[in-house]
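Heads up, the next two complexes both have chain A, just with different partners, chain B and then chain C.
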Partner chain A sequence: MTVLRRSNLLRLVVLGAPLVLVAAMILGPLAIMAAVSFWKKTGLTMKPAFTLDAYATFLGGVRFTVFLRSFWMAVSSTVIMLLIAYPVAYAVARKVRPDLTRAVLFLFSVPFLVNYILRTFSWADILGRAGAVNDALTGLGLIDAPLNWLLFSEFAIYLGLVTAYMPFMIFPIWLSLSGIDRRMQEASWMLGEGPMRTFLRVTLPLSLPGVFAAAIFGFVGAFGEFAVSSILGGTGYQLMGNSIVSALNVINYPLAAAMSSFSVLIMFGLLLAWFRLFDLRLFLGKIMGRS
Partner chain B sequence: MSEPDKYSNQFGRRAFLRGTAAIGGAGLMAPLLGGRALAAGGLTVTLADIGVGDPGGDWSKFAEATGNAVNLVAMGNAPSAVINQLLAGGGLKTFDIVNIVGGMQKPLAEADLIAEIDTARLPNWERNSYINQYLAPGTPGFDFIGYDGKTYGVPTVLQADSFAYLPDITGELDSYGALFDPKFRGYVSLEDNYTTAGQKTALYLKANGLAEIEDPADMTPGELKTVIDFLIEKKKEGQFRVIWSSFEQAVSLLVSEEVHVMDCWEPMVFVANAQGKNVKYAAPREGYLLWAMAAYLVNNPDRSAEQTEAAYQLLDFMLGPWYGATITGLRGYMTNPMAPEYAAAHPDEFPADAAARIAAIDKGVQDKFAVGGTWQNRWPTEVDLYEEEWQRFKAA
Partner chain C sequence: MNDTILSLRGVNKRYGKTVPADDFSIDIERGEFFTMLGPSGSGKSTILRMIAGLEQPDSGQILFEGRDLTHAPPWERQLGMVFQQYAIFPHMNVQGNVAYGLRRSGLSKTEIDARVEELLDLVGLSGFAPRRVAQLSGGEQQRVAIARALAPRPAILLLDEPLSALDEKIRREMQAELRAIQQRTGTTFIYVTHDQEEALTMSDRIAVLNAGRYVQCDRPEAIFKRPRTPFVARFFRGCNVLEADLAPEGAAVLARLAGITLRVPGQIDAPRKGHLAIRGETILLGEEAAAGDLQLSAHLDSVTYRGLYSSYALRLADGQALAATHSQQPELTEGVEVAIGLRAADVVVLDEE
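And then the complex of A and B:
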């Protein structure tokens, strides 16, 4: 009995401590941010109040357009990233020899060894009018004049986002795919289904928890992005991150807090929806259960 | 006193005594004497700087003269970076001086983050004729170092901005109109800054009678809207290739010929020239965007009198000839009138070509100030609206 109580106490401490830490380090700042979003800006500082001024400025001005653009950019780039990451993860899980899997996965992490900003700047050099891509295309005689849209365009932003966040998405999808019991597919084949229908009705549904975990990685990263849009976006392509930084530059903390709070609220709603539609515990269970 | 002697060891005790004896006025002597008596050396002055004020890490002359050391820390130039580092970052307690682009006295002084400068404690202040010439109280330049009739900033750098262009491609250019000329459509870049790009546009519109703007440095909401509407119209026509936001990016855009006309800072032209590219900095007929860097004394009520005196010593050193010559040579900005003389008189420290370059930069900036223009306004009356309108331009 005493042993049981001690065990319960230990469990409470082991689980409770991280929970308290998370609450203090994440929920605390979020609560402060939400509170500040209702405060009143007074010159260089602000004072506690309950005003919706910051929300009115955000929702009634150009910044809401920026929010919608960011949202669309994050959704569309996440879909593109999934369309690339899934086949890659599938190939790694099913086609690569098991003894080479780790090496291949390591290769996908190599880009992260280079500073993110430097990587983004290097795209500007590669895609510019005098960059390597335009040089090659001109040299091969495929184009007469450099392609302007390669850089400082939506294409460049998509490219920057995909190369920045897509590799992150390969890992959860691979994890999900590699955890599927192959006997399920074999059963499907034995019951007469072809490879495509087996994939669509067995493999894909079973890998969805990983897909949605990956989607969260990609979406959150793309939505909060500001360096890619600054460096590759051209004529002031604005995403939410840029707009929030700009408000901070004139010490408009309530406005920055209102934009951030609104974004967090939307993210939270999406996460709840995802959790309700797809049981991410399946995915997490696979991670926890792996040796 | 020979020319070289004039500049040597200005913080030496003997030099100080000679100086104070010459000054003779008891009223002026008291604070100087008090300050020197308090400054015992062995202190470290913390200077937060945006990168322009770093003399290549060499503070040996200051250390030799005062016995004090300098701890240089990096600081962003955006108002938020300054405020955040002073308040949230604990800079109010740890920084002695912040050296940033000036014109920030109003927000900083109103928030009690900086202290008024007692110019009598800075022997080099009186020697610096540029202060009287360009930054005297009652002139627009004073707004870069003063507020409400009080002096808060020590001017460490003076400069006049315009735009850069590639003459081999564009031909000679002498108007901001080049930034909006359809001939260069798709090959123009602006800085991501409403107090530079926005103000230069206002200067162009006003000077050419294209808009009624009373003061490009402090526009009314209606005037600002006119400027931003104009920029949006040009943006939609495809005039601008990119809005740059970092020094390296701007240089790269010029060197790679990605853009041919660029609203930017002159040192970018120097770097592009050093990389073998023929880039020129324009002398626009509409005038220049004038600005100065200001070293502010952080208002730390807990700082000891000795530490404050050491900070004053550093401020004075930053007004001095060696520091000025070094910064002009390194960064390409005008500093103080003693700088080119010092460089010419000290070939052991500044070879003839370096001294000539320093003199040329100094002369060049003086010529620009003679032409005039508009003083950059870092904190316009409608600063929130400026930011909002610039967002409108960027998001358009």
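And then the complex of A and C:
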């Protein structure tokens, strides 16, 4: 009896400790942020209150345009990244020899080993008027004058976002695809459906949980990005992250908190949609069941 | 009947050292239940997958109703296939699975629904159409897989060990049902299994495969009672394979076994060392022994009670083991010499491989 209780106690500690940590490190700050978003700004400081002033300022002002732009950039870049990551993940899952899979996947994780500020600045260097791309193009005689739209443009931001987050998205899609039994594909072939139809009716639907996980990785990353937009976007270009930082810079903490809370709520909504659309446990079980 | 629906002509396939098909040729009749039986590695599954188009032969031809299918992709062959691990589409319900192959059939929505219900009825799953796959047992999933494969009315259904993942009781039920489904639909079945009982129960013809070749191809009873080689004889439980010195004598063979010469039916060209096959249940024991054409004596090592029958472990004078079974279960004393009798017609002279 005592032994049983002791093992129960041990279980409580082992399972409870991470829970306490998560609560203290993530949920706690989030709660403080949510609370501050309702506080009142008074000159250079703020005082506890329950007012929607900060939300009104955010939703009624230019910062909401920034939010919409940020949202659109995040959605469109996520679509672009999916269109690149899916074929790559498909190739790794289906075309690469099994013994090389780990090595190839490792290559896709190399970008994460480079500091993201350095990575973003090197894009600025490569894309600039005197950068490698313009040098090469003028050198080959393809263009007369350096291209201006390469840097400090939406193109540069898309490039920055895609290179930063797309490799991330390969992993969940690969995981989903490689978990699909090859017999599914063969069964579809035997029922008269060729490779394209089989992909659309069997492989793609079965890989959707991975696609959705990848989309969340990409969307969250792109939406919260501020280095890419401030380095590659040019002067004055702002995404949500930059806008929040600028609110902090003018010591308007309730506004920054309101903008952050609003963003967190949007993310939460997306995660909820994922839970409803796909059985998350099924997906996790697939990951756990693989070594 | 002599209406060939599918022919394999000199099909070869090699993966490194294993040879799943070694100059393999066979003709399959329309409407028959044809079984390829063999141990794992005998090539039976690979040959089935080559018929399906999921593997390519290195050389040789696969003809379907006289048309060369050797290089046609699987989705153009219009054959049905049932896999060992069911391969039911988990993102669709039962209806979606069974209707999967009907997209290009030109049937209307109502006709498709009717066809799905007809097939579910055939496999004993009436009313299962709206069910989710996750709610089905293994046996039910395999029934759905059979219904799905039969829905587009394939001329041939290929079955790759479809029952081996099921437990004993359901497997037996399914054996009878598969046979019934085959006869009701008139579809040609090509069935692959390593289970001798399964093959004997369901098939019109069995081909016993070993190392990419078929050793014997015949009706179940003929294969069971008159195996052609030691390999086939050993494949069926309860068959004794004994070494003997053989010599031709007219239309018969003289076999010298354990110091005694037996005259058994058969035909060989010259004296040689060889093998005899004797099924355990044909051996006459105790008082019956005298009724046999051939008399031997053997040492009875042990008797084991097995419910429907008892088995008797015997040893001949030259040390060769002989296992007999008897449903009357005569009571014999263990550890003594007993008389055994054989009917000459039950002793099979085997070809060497």
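Miscellaneous remarks
Please note the rule applied: the second predicted complex is superposed on the first by the 273 of 291 C-alpha atoms of A that agree within 3 Å, B and C clash if a C-alpha of one lies under 4 Å from a C-alpha of the other, contacts with A are read in each partner's own complex, and residues count from 1 in each chain.
Note that contacts are C-beta pairs under 8 Å (C-beta built on N, C-alpha and C of every residue); 3 or more make two chains touch, one makes a residue touch a chain.
All of these numbers come straight from a predicted model, not from anything done at the bench.
Because the two structures share chain A, they can be overlaid on it, and in that overlay chain B and chain C fit beside each other without clashing. In the superposed model, A:92 makes contact with neither chain B nor chain C.
With both complexes superposed, B is the one of chain B and chain C in contact with more chain A residues.
Once chain A of one complex is fitted onto chain A of the other, the partner contacts of A:66 are limited to chain B, with no touch recorded for chain C.
In the superposition on chain A, A:193 makes contact with chain C only, not with chain B.
Of the two partner chains, neither chain B nor chain C is touched by A:215. In the superposition on chain A, contact is made by A:184 with chain C only, not with chain B. In the superposed model, A:43 makes contact with chain B only, not with chain C.
Contacts of A:252 after superposition on the shared chain: chain B is touched, whereas chain C is not. Of the two partner chains placed by superposition, only chain C is touched by A:206; chain B is not. Of all C-alpha pairs linking chain B and chain C after the chain A fit, the shortest spans 45 Å. In the superposition on chain A, no residue of chain A contacts both chain B and chain C. Contacts from chain A toward chain C in the complex involve residues 181, 183-184, 186-195, 198, 201-202, 205-206. Chain A contributes residues 41, 43-45, 57, 61-63, 65-66, 69, 121, 124-125, 128-131, 148, 151-152, 230-231, 234-238, 242-243, 246-252 to its touches with chain B in the complex.
Taken in their complex, chain C has these residues touching chain A: 52-54, 73-81, 83, 85, 87, 89-91, 100-101, 103-104, 145, 148-149, 152, 158. Listed in rising order, the residues of chain B touching chain A in the complex are 78-80, 83, 107, 110-111, 186, 192, 235, 240-243, 245, 248-249, 252, 256-258, 383-384, 386-388, 390-395.
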